[in-house]
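In this document, chain identifiers A, B, C, D and E correspond to the written order of the chains, with residue numbering beginning at 1 in each.
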Amino acid sequence: MIKRSFFALSRPRLTYDLLEPDPLEPQTIPVPDLITLFLTESIDSKRPALIKKGDPVEKGQKLVLYEDSTAYAVSPVAGTIKMIDSYSDDFGAIATCIIIAHDPVRTSQAQSMEMSEDISFAAAHLLKLPGAPPFDILADENVNITTIVITGADTDLLTTTSQYVTTSHIRDLEQGAKILKQITNVSRICITLPESLNGNAPTASLQVLQTGTVYPDTLPAMIMKDHLDQILPAGKTPEEMGVCFIRAEAVVSLARAFAAKAYIFEKHVTLVDKNASRHRIKAVIGTPLSNIFSQLDIQVNDQDRIIIGGPMRGYATFTVHHPVTPDMDTVVVQDQRIIPKISDTPCVNCGKCVQICPADIQVNLLVRFLETNQYEEATDKYDLDACIECGLCTYVCTSQIALGQYIRLGKHELRKLRADV
Amino acid sequence: MREMISMIVVLTLLASVSGGLLAAVKSGTELRIEEQVLKFQKAPAIESLFSDVTNDPLKERFTLDTGDRTLQIFPGKMKDGSRAVAFETSGKGGYGGDIGLMVGINVDSDQLVGARVTTHAETPGLGSRAKDDLTFVSQFNSRPLDANLALKADNGSIDAISGATVTSRAVTRAAIQAQELYSQLKPEILKQIQ
Amino acid sequence: MAQSLAKEFTKGLWAEIPPFRLVLGLCPTLAVTKSVENGIGMGLATTFVLVFSNLLISLLRNVIPPKVRIACYIVIIATFVTIVELVMQAYTYPLFLTLGIFIPLIVVNCIVLGRAEAFASKNTPVLAVADGLGIGIGFTLSLASLGAVREIIGAGTITIWGGNPVFAVGDWYHPFSFMVEAPGAFVALGLMLAGMNLIGKK
Amino acid sequence: MELFELAIGSIFINNIILAQFLGICPFIGTSKKMETAVGMAMAVVFVMVMAGMITWSVDTFLLKALNVEYLRTLSFILVIASLVQFVEMFLKKSIPGLYAGLGIFLPLITTNCAVMGTCLLNIGNEYDFTSALVSAFSYALGFGLALVLFAGVRERVNLGRVPGPLQDTSIGLITAGIIALTFTSFRGMV
Amino acid sequence: MNNTKLTVSHAPFWHDGDNLFKKNLNFMLALLPAAIFGILQFGAPALGVMALSLSCAMLWELVINLVSKKPATIGDLEAAVIGLLFGMMLPAITPWWLIVVGTFVAVFVGKMIFGGIGSSPFNPTLLGMAVLMMSWKMFFDFDTAYVDYEFAFTALAPLAAVKTQGAAAADLFTLGDLFMGREVGAVGATFGLGLIIGGIYLILRGYARWELSVSFIAGILITAFLFHAASPQNYAGPLFHLLSGYTLLGAFFLITESASSPVNRIPMLLYGFLGGVVIILMRNIGAYADGTILAILLVNVVSPLLDNIRPNALGRGMNNA
């Protein structure tokens, strides 16, 4: 944990972790016996499912629940479906989890794919590439994207996944960007990179946006403000404003998938252990974290905490078997002794959150409205929708209020309220 | 139309009945009210100031016009034969608003007889000592008319009540106002008490 | 009849007791309750106006044209207020001095006009008088109890009538005079209201 | 200078609500939301100035001239009530925008001690016309100032975790009391 | 398979480690120099007053917690700070019952009825103080409080002396005397140097905002200077005002109370400045000798309004355009 400095007259500045000059080579985790995949669709017992327990699956097979489903997963192994079950996410939305027993005996030659340079093909088949490329949004005819920003600079502290992927796979990245340009017809493609990594930057086709090194300089809203001269209106997504952010890793995977004419499954993850040492690993999507921990000899005990994502924007998972997912750049293991306390003390108006908020939100007042469930007022008067969810207010709050959680919950409730109208 | 007439009739009737009733109550209570005002507001201060007069200052009161208001003047005949008058002034800016002060002035010697606080809204036990405790106002006794009646803190000659500078200042303002009013009205007062 | 009479009378004593339940008439409530005596005096003066204006308005309720009813009520109320004012000046002058401007202001006391409009104009004279009496006595009791709390804490005495305390706490007590000052009035009323809420909830 | 002192005195030191205890019902009743408070404050300024001028004239040219001062309470309340009615009708017809803003507050003002009280204070203090006008305007400003300050604090208080029995009116009164306490700062300044 | 029971609480996953306990502990630490000086100067009674006040405030909060069946909140030490500050603002000779009543008013009326920590729009200590002064002003008369003491310096409360005897009385005190606490006054408010050291410590450590203290002091100095320049024989100088009475305690420990002050920079500057101006107005043309207490309470009232002066949030109002 980063402590407040003794002299704290001015607001704290948290700097991003930069890639080591001589980066670690990733450690490859063997393909495990059990693979867990998530589907963003809930099980409907009344409808006949296309897949069921016991079904054999092939490596690279697209798994879909029903005839008309748009949500899909792609199996990284050949094997048998061992279980299909419901699970609920952070805010109670129901999704489905599929566990596949890996059959190492079956020769696992990935199904070869007929690649098509077409965005609707990409949306229908390549969404689950490592890095989770947002092809569905790019394919949406209602969304008019004019700029694509590849995030080569990581968007949370501790993690260096994007920086690593960018600098170590420059060829693939450039190739991927080219394909991206072709299939999307978006002419302006940029890439964010921390200033110090400039030497390794792709040169040819990409416009490089040199980001600052102070958190949250690399978050989408900040990139738009600082580099694209575009203020993200409160409550809008970058995509609605014509800017699409895509992970560097997704671009690299895209190039590789096209080159191999096959699906790609290896995901890069930065793992920070309890001693704050960083591990760089490469694991097949669906690998349970427990496998990774045992591989690396990381002991996870009761009451410890596993954070998916970085310390500022991540979420905690309840199980060590949480799988590697296409969008998982970072895993932080936190020892129970250093987990910060949350209190239900009211805000004491110390103003630290206001001082640090990059979106200039009056968090001290906002939280009072959120605590009293006044979401509309919170939005109209105190800019709930302008929050970029950087987590800084939560980090500094003297009263140790879970401000970020209030904010995310508030946005969630607000969406429900607005949807009801 | 009928409605209109009834409206006017009812209102007019009501207003006139009310007016008549009030006029009757007014005339029935008028004298008593004046007595009460004198008895409770002015009499104690005047009696305390003019403890040794031979006449009844309340009965012999008269009014003078100062230009912007009328002033009730209470004349007193002192035992030593000299004549005095008392009238009320008000000092601005007390802790709880203006302070009323009854000031007695000996017309023959042009000296203050003394001063008594009549009305105030000062803090009990603090500013109210200006009225309840005569030590402060007794500083005005027998002062010549041209004395500097400001507080010592304002380069005058009066000691403030401890803890109640503001009250004291308001009282001295009233006393100074009395000095000015008296010098302005003296000819008329002399005329009246001949 | 007797039952509804009793009901109209007693509702003013708890269910609708002003100013606790009807948050109206706050100015006199706060301004004059430095002592029990002042509270009672103000309360009785208001009761007098309430009862007689209620009576008269109820008697005239069929005569008064609806369009000018408010004007008529105001004339009636103002008449009784002026009578109270004159009589108090003549007979209880020191009390009149302490209550000051709040006697003529009974005329704008929301309670009085409120009862006229809401009750007296729709009910028989007997009920209207019961209503006025109930609300008036409730108001008086409220003012007296607020006055009691403020006076005993803020001055260490209880004065019921005539300016002489019937009870004094003793010389050791330094009165907590915040309670008899203006801010203390608000705080005392606020805390009493909270107390009533607490009782009411149980 | 006198008028300036009168104005400062009436706004701060003798604040109509916090020092004179007048107009407390609307003070408590319309302060839960800042918008309401601002609307009420504007309506009061409007009515108080008009009422102050008219009642002064009625008193000077009618009541005093005819020697029927005992009709003061009666005539003042009638003047204020009809003034409010008239203003309401006038605004409704000619300035509907303003009417929409002030409309709901106007009837409240008839039974507002502050308006009547200001008129009576003006007479009691034997002010001339200009002073009466300045005093009415300043008292009204003082009313608005206190109301707006109170509304700001009250909105904040209501977002806090006030214990059940104290919520709303109860804590509102206590807050008002403390604001009255802070206004004693101005004592003795003029 | 292992079934480790993980902690699944939500963010913060990282925290700067700051909390109310630390903040309040630092507050008390910063008050210590002035408090210790008070004990040295006024003896055991000063210690008694502060100790009783501190413990009473905590006890009252505990009692209120218990009666209202809420979890005990004294662990955040806010009650302790209220109590300590309250004690430091009293004369050494203060009757015990006054402290008992005063801390109750501060904690109950000033804090708990609004919902406890952070919820009160007023500074609880000052509220308790103001209510007591309104009731028992005679116990706050520093001139009579210390009649039994022998001091090696002018045994007069500087501000009261100036109020009653005029500005000339300011010459009875050298600025050095005031700075080093050679004056009579509240047990924790006389030692100017100690208060300044404590205040700077708090500001550097980020527990008090410089904007508030600096603008408050600027308000005092500028206003007092204008008065003094206009009429030196009637009004004492700016430094005299800054170093006497509760001024420094107010500048670093009272105006900086967070729940009752604004959080944005411009409002903070206005707020502090306004407080300073009002204090000097009260001292020079108002009814009070000091005025710090009421003036800060008065600006507390203005604080919510001032907080409306704030930057537009990122992207605010753009989606309607």
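In this section, a residue touches a chain if its C-beta (ideal position, glycine included) is under 8 Å from a C-beta of that chain, and two chains touch if they have at least 3 such contacts.
Please read these numbers as outputs of a predicted model, since none were measured by experiment.
Undergrad: Taking contact as defined at the start, I'd like the list of chains shared as neighbours by subunit B and subunit E.
TA: Chains that touch both subunit B and subunit E, as defined above, are C, D.
Undergrad: Which two chains meet at the most C-beta pairs?
TA: A-E
Undergrad: Could you find the chain whose CA centre sits the greatest distance from that of subunit B?
TA: Measuring from the centre of subunit B, the most distant chain centre belongs to A.
Undergrad: Measuring centre to centre with C-alpha atoms, which chain is farthest from subunit D?
TA: A
Undergrad: Point out which chain occupies the most central position, where each centre is the mean of Cα atoms.
TA: E
Undergrad: Just curious, how far off is subunit C from subunit B if you go by their C-alpha centres, in Å?
TA: Spacing between the chain centres: roughly 32 Å.
Undergrad: So the centre of each chain is just the mean of its C-alpha atoms; given that, what is the distance between subunit A and subunit C in Å?
TA: 68
Undergrad: With chain centres taken as the means of their Cα atoms, state the distance from subunit C to subunit D in Å.
TA: Computed value for the inter-centroid distance: 22 Å.
Undergrad: Give the residues of subunit E touching no fewer than two other chains, as numbers and ranges.
TA: Touching at least two other chains: 109, 113, 115-116, 118-119, 131, 134, 286-287.
Undergrad: Which subunit A residues sit where two or more other chains touch them?
TA: 346, 365
Undergrad: Which positions in subunit D touch two or more other chains at once?
TA: Expected reply: 70-71, 74, 156, 160-161, 166, 171, 174, 178, 181, 184, 187-189.
Undergrad: Going by the touch rule stated at the top, which chains touch which?
TA: The complete list of chain pairs in contact reads A-D, A-E, B-C, B-D, B-E, C-D, C-E, D-E.
Undergrad: Can you list the residues on subunit C that touch subunit D in the complex?
TA: Interface residues on the subunit C side: 23-27, 30-31, 70-71, 74-75, 78-79, 81-82, 85-86, 101, 104-105, 107-110, 113, 182-187, 189-191, 193-195, 197-198, 201.
Undergrad: Within the complex, which stretch of subunit B touches subunit D?
TA: Listed in rising order, the residues of subunit B that touch subunit D are 18-19, 22-23, 25-26, 68-69, 92-97, 166.
Undergrad: Which residues of subunit E touch subunit B once you look at their complex with the stated criterion?
TA: It comes out as residues 137-138, 141, 163-166, 286-287.
Undergrad: Residue numbers of subunit A touching subunit E in their complex, please.
TA: Result: residues 1-4, 6-10, 12, 157, 221, 225, 231-236, 290, 300-307, 311-312, 314-321, 332, 334, 336, 339-343, 345-352, 354-355, 358-362, 364-365, 383, 386, 388, 391, 394-400, 402, 404-405 of subunit A touch subunit E.
Undergrad: Note which residues of subunit C are touching subunit B in the complex, please.
TA: Those in contact with subunit B are residues 63-65, 67-68, 71-72, 75-76, 78-79, 82-83, 86-87, 89-91, 93-94, 97, 155, 177, 180.
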